[in-house]
Every structure is written in structure tokens, then in C-alpha cells.
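Here the chain labels run A, B and C in written order, and each chain numbers its own residues starting at 1.
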Amino acid sequence: MYRLTTRTRAGTATEIAVLVLVLAGLALPAVTPRGVIQDLFFILTMLTLAQIWNLLAGYGGLVSVGQQAFVGIGAYAMFAGVILLGWNPVAAILLGGLAALALAVPTAFFAFRLQGAYFAIGTWVIAEVTRLLIAQWKALGGGTGTSLPREATSNIMGTDAIRALFGVREAAARDILAYWLALALVVVVTGCIYWLLRSRLGLALAAVRDNVEAAQAVGVDVGRLKWAVFLIAAAATGLTGALIFVQTARISPEAAFAVTDWTAYVIFIVVIGGIGTIEGPIVGVLVFFALRSALADYGSWYLMTLGLAAIAVMLFAPKGLWGLISARTGLHLFPVRRRLAGPKIEGGN
Amino acid sequence: MMWLDTLVQGMLLGGLYALFAAGLSLVFGIMRLVNLAHGDLIVFAAYLVLTGVTLLGLSPWVAALIAMPVMFALGWLLQAAVLNRVLGKDILPPLLVTFGLSVAVQNGLLEAFSADSRRIPAGALEGASLDLGLVTVGVMPLMTFASAILAIMALNGLFYHTALGRAFRATSDDAVTAGLMGIEPKRVFAIATGIAMVVVTLAALYLGMRANFDPSIGPARLIYAFEAVIIGGLGSLWGTLAGGIIIGVAQTAGAAVNPEWQILAGHIAFLVVMLLKPRGLFPRAVD
Amino acid sequence: MLLETRALTANYGQFRALFGVDITVAAGECVAIIGANGAGKSTLMRSITGVIRNEAAMVLHRGEPIGALSSAEIMKRGIAMVPEGRRLFASLSVEENLLIGGQARKAPGPWSLEAVYDLFPILRERRKNPGTALSGGQQQMVAIGRALMSNPELLLCDEISLGLAPVVIRDIYAALPKVREGGAAIVLVEQDIGKALAVADRVYCMMEGRVTLVAKAAEVTREEIHSAYFGVAA
């Protein structure tokens, strides 16, 4: 009669709302100009990276400052697939995920030897090493980078159909395709994380986050769990990186391995929105985009503000904006906590 | 004698990295805090010294001497007002706060001083060199190395032979019991970060006099410092010097083969040490 | 009154460990606090020394509220602690462990490095050793010496006989009269009732976070202690 469930009314409402939003999102290119689609692409890819980093740091306790390694290697693998193997860019995105997964194995091997805070810088070192090595890869432009060849970008699978459907130019069609892929990616990644947190693995993660020794004592294999989370996160980050650079169609080691773009921004999104919740990065990316639009003309003031905002949030509202909202309203759009469900107990409350 | 020259130049460069690392090592040893803004604070101090030189017309040495108490105060304030509030069992908050600080300092400097490279003018010292028979060494690198050794001796003396050093070690062992001995852990932490910032200023002086710098180079200095600390083994300042020398020699040797490989060679040396000796060459602290 | 707690309560999160504890310690007095495991004795010590912060008025030192002060501030007022489990600093030598006890508070009094070495001569021989390389009994001597180095008005001793051999306990208890001669009051938290009663002027018995008995040590009966300790008549 009684069972443990993570299902709540707000959770069900969210699932329906997400479905509606996704359908609306798919149809959006019919009515919005190209600039909006590009902005949405940026928001969706940043949200994907934020959800992944949140899984690592917020749930897995793995504070990586080296996620740019996986964005970069994913992007470069996609370029290699297109330029060296003649693959279609969309197919080559998968190569990006694989390459990131492959890089994650030695990265984890080294970084997991470092405890706590030093893990963070360890991942950063690996990202630097990867960037410097890739800069030696002359076939992909070495230190200066390269662009996707025209013949590759002009016949990406699906763009012809999109051109016919919406009556747009080739470049706009490519943006729409990238946007759809970003939409799919963010839904799949967030959905997988949501599912993961509600599964037994999520329970184990929560146990490890609360108390490593206790989790080990009840039979959680902490080492394997960390490996699993790290590898999954790396692969997803690689896919996202590859997708981002399909859209830009130009790559350089500095851009692909930028610690500011792919790690600093992402960390600020998660921290400001609220670490350790699925809602947090969503709130964070919206705040981030609003700030970016408002302060776009002020150059480095903008980054300074973000940095200081992150400090302020950690000091005064460590659970972020969503934490404040959730504490006021008791709302959990993505409930991952287990609660007892069943008939009300007479006399209880 | 090319290899000997490379070795000597690399060792001297290692002195600079040891100076970068000493403050990081000190702070980690006492409060298990890794300050991700460490490199940016070095660059900040370099601009502070530069401002003293260009604006007030001071010699770099005097400017650094004035900058030291300023940096001590800033470090003290940073620890007392910000970092003490986030220190705890969870390593995430202090990491994220110092990461935010890193980005804020970097972009603040960019706004204040632009992205142009600058250099602290050191007058006649800049090109001066000493002929040691087999090799010729620059006076500046030699002074950097000597300063690193003096700084580490001073820090070790402070750590092992003063009441303050006792308080540092006791607080590092057991902050609650240190409190029962009349020691305020938070005050001790603030003083430690202040002292780390004094060492940072010394590092910044040589950083700025030896080569060009701009607001963006902080994170790379953090990484070199971090590698030196890990290679040396947590908690050992002489180990940190050894770590700095290893990075310095690896970088110089890499550059001798191909200038593009300089930084990469340093990182690879770090990874090799990690592979062979995961706890560093001279481990002391148990974490 | 040297030290007084008034309706002292303490919580560990949701769990309440002390329910309105009142104790007093006069200058120069030796007070024993006995009680079973979990009675709240250690929590009481942690509250008095500021490891657990309370409302200011719950703990008074010479009539002044100190309940909200930090450990360090309380120690500097002359209330020194010998913590349960000794808690020596592992990276400090024996001598450094002693020195650190006296470096934050400089008060005139009988205790100095030499005086502590005279009290526990074995420590003079082991002065260069790391504190944690000593036997349990010697570590306990260091912990007591460390607290004495500040020449405290009040010495709080939390379970100083725990885990030690009887002959070692005898040596350590032999030092307490000398501490009193030096003018310090003592609060002894003990599970060993016999040892505590032998040196104390007064005894408090605690059970489940409350004081269940206050008596003069010389006058208290076995039956009174038994019922206060276990909550049932003997």
C-alpha cells in the first residue's frame, strides 16, 4: 500500500509543461528571426553545459575547472571527422562525444589522484595540456585554427528540407538545424540527469555527497560511481562542444579550450541559479543571458560583475536564486527526493 | 655545454615558480584552502608595484616594500571578510568564491590597465649578467632564485620557531582545540593569508621585472604554482622549491628543443611525477 | 561566584542534550561532575568553553555573561580546558604543546614550563618528541600541563582517567592537589565515581541532560548517588 516515490503534482505538471515547451520550441523557427534562434542556440548549449557541470559538482562532488578540455576535444574531433574523414558535420558530432569520452579516461586517472580542491586545478592542467597538444595538430590549423570547408557546411544533412520548409537561406537553415539539435540535446541531457537522480544511482550519489564513509559502509562503490559520473559528463560535454562548433563553423585552440566560455560562465550559471538542483541552472542561464544582453557594451565590467555576483551568492544565498525561490514557495519542479506515498494514516498529520 | 646552460637557466626559472607557489603552499597547509585567484593576485600585485614605479617614481624595490603591507592588508581583509565565511567541510564554496574572485580581479585589471603588456623597469639590472666560467647567468634570475631561498627560509623559520608558527600548525592540526588554547582560528587564517600576499608581492616584483605581463596571465601562474606544490608534496616548502625547479628545468629543456614546447614540457613533467609519485617527492602533510 | 551556569540548554541540531542545567563553582573549589555515558557532561563542558555557543546569560564568569563568547575569548578569561581524548597537536613537540597553552594568555601565577616539568618530570625527558608519540598517560600529562601553562583560575578536566591504567590514573590524580595549591579551581568530569569523590569538595550528578543531585562530596551516600546516576532507587 505504501511505496517510496519521487512523483509529486508539481513534478507531473513540469513534465507536461516541458512537453509543450519542446513542441513550441520545435515550431519556433517558423515565426522568429534568425537572431533569436542564434540567441536560443547559445542559451540551450550553455544550459546543457551547466546541467552537466551541476551533475559533476553539485551531485557528484567533482569540482572540475577543466571542462573546456571536453568541449575543445569534442569540437576538434568533429572538425577532424569533417576535414580529414569527409564526414557530414552532424554525424561528426558523435565523434566529438567519443573523443571526449576517450580523453576522460586518462584525465580521470590523473585527476582522481588529487584530493578535494586540488582535483579542480588538476583538471585544469589536463585541459591546458590538451589545448597545447591540439595546437600542434597542423592538419587542423595548428595554433591559429581553421574553418569548416564550404562544401561540408553547404550540404549538412537536413538543411535542404529546412530551407524548403521555412523558405530561408542556407546559413539560416544551418542555424535552425543547430538550434533543433541543441534543443534535443538539452532535453536528453536534462532528462537523463533527472532520470539518473531518481534512480538507484542517484540515491548512491546523494549518499556519497552527504557522507563518503557512510556510503561506502552501506555498499556504495564510491570510486566506480565517480568514474561513471565523470565519463558520462565528459561524453555529454564533448557532444555539446562539437555542436557549438558546427554552428560557428570556425575553430581555434583558444576558442575551443576557453576556460572563460566553457567553464567560468558555466560555473557562474550554476552557482547563481542554484547548485545541486535541476532548476538552478535553468534559472541561472536566464539570469546570465539577461546580464549578458544588458552589459554587452561594457566589456570586462560584465565578467567582473558575474564574478562578484557569484561570490555574493556563495556568501549570502549558497543555494542560489532557485534556492531562495524554493525556500519561499516550497516548489520543486524536478522532484528527486523520495517520499512515502499511500493512504493517509488516521490520527497522524 | 648547452645542456648545462639549460639546466642552470631552468633551475633559476624554478626559483620564480617556487616564489609563486610558496604562498599557495602556506595557505593550503594551514587551512586546506586552494585559492584559485592566487595567480591573478600575483598579477594584481605586479600592477601595484608598477603603479608605485610609474606614478610615484619609486625604485621597484621601494615600491614593492610599500606594496607588501598593502597586500598583507588586502589578504587579511579577503580572508576575514570573505573566505572565513565559506571555509568548512564542504570544499565547494571556497573554490567557487575564489574562482569568482579570479575572474573579477582579472577583468578589473583589464578595465584599469588595458590588455597591453607592461613591464616593471629595473634599470641596469635588466640586461646584467654574470660570467661563471662554464655558464653565464642573468643577475635578475640569480636574484630571483636567492629571494626564493630566503623567502622559504624565512617562512620555515616563522613556521617552526615562532609562537605564530606554533599557532599556525596547531590550528592546522585541530582548529577546535586551538580555540581552547586561546587561539582564534579565523584570526590565524587572516594573518596567514596576509603573509601569503606578502610573498605574492615578492613574486610579483620579479615576475614584472623579468618579463612582460598583462592581466590575462594569472591563471597560468596559478597552474605553475600548483604543479610545484604538488610535485614537492603538500606541506613541504623545500619540496615546493624542488617542484618549482623541476617545472623550470622541464620548461627550459622543452624550449631548447622547440620554443612551442616550453609550457607543454612543464605540464608533462608534472604529469610524469604524478604518475610515479602521486603524493609528491617530499610528502609531509597527511590529507 | 567564579563560574555559574543558569538554565543552560544545548542542542545538537534537533536533538536537545541539556535541559536547564544550573551549576556553580566557587574560586579555589574542586567540583566533580559524574554521570553515565550520554548524561550531558561533555556537552556541558563544551558549552562552558564556547565550543558550543549559547545565549550569553546562560554562562556567567564572575557574574559577567560569557555564554556567547568564542572558545578563545573564554580561555583568555582564565578558564582552561583539558579536553576529552587529550587532543594534543600532532605537528607540535611536547614542549611546543605546552608552550601553546600559555601563549595566548599571559597571567601571573605559579605555572611555567619549568613548573610543569617539575610536576610531570617524564615530560622533561620527552620534550623534543612529537606529542602524539607518547603513551596515553604521558599524553594526558601534556594535556593537563598545556592547560596549566596559562595559569588559569579554573581548570576543566574532561574524563582525564578514561582509557588509562590504574597506576597511571593514580599519578595523574596525584597532581591535582598541587594544582589546587596553585590557586586554581577544578571541575572534574568523571565516570570513575570513587576517584572523583576522593578529591572533590562537591559533586553534581547528571542524567539525561539534567542535574539530578548536588551534594558535598564528604556527606553524599552511595544510595543517593545510585539513584541520581541510574534514576532508580538502590
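One rule holds for everything that comes next: contacts are C-beta pairs under 8 Å (C-beta built on N, C-alpha and C of every residue); 3 or more make two chains touch, one makes a residue touch a chain.
Remember, predicted model here, so these are calculated numbers, not experimental data.
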item	value
Most centrally placed chain - per-chain CA mean versus overall CA mean	B
Per Cα centroids, the chain farthest from chain B	C
Chains most often in contact, by C-beta pairs	A-B
Gap in Å, rounded to a whole number, between the CA centres of chain B and chain A	33
Geometric centre distance via CA averages, chain C-chain A, whole Å	55
Separation of mean Cα positions, chain C and chain B [Å, integer]	44
Touching two or more other chains - residues of chain B	none
Residues of chain B touching chain C in the complex	163, 166-167, 169-170, 172-174, 176-184
Contacting residues of chain A [partner chain B, same complex]	57, 61, 63, 65, 110, 113-118, 120-121, 124-125, 128-129, 132-133, 135-136, 143, 259-260, 264, 267-268, 271, 275, 299-304, 306-311, 314-315, 318
Chain A-touching residues of chain B, taken from the complex the two chains share	28, 32-34, 36, 82, 85-86, 91-97, 99-108, 110-111, 219-220, 222-223, 226-227, 230, 260, 263-264, 267-268, 270-271, 274-275, 278, 287
Residue numbers on chain C that touch chain B, as the complex places them	49-51, 70-72, 75-76, 80-81, 83, 87, 89-92, 96, 99-101, 103-105, 146, 150
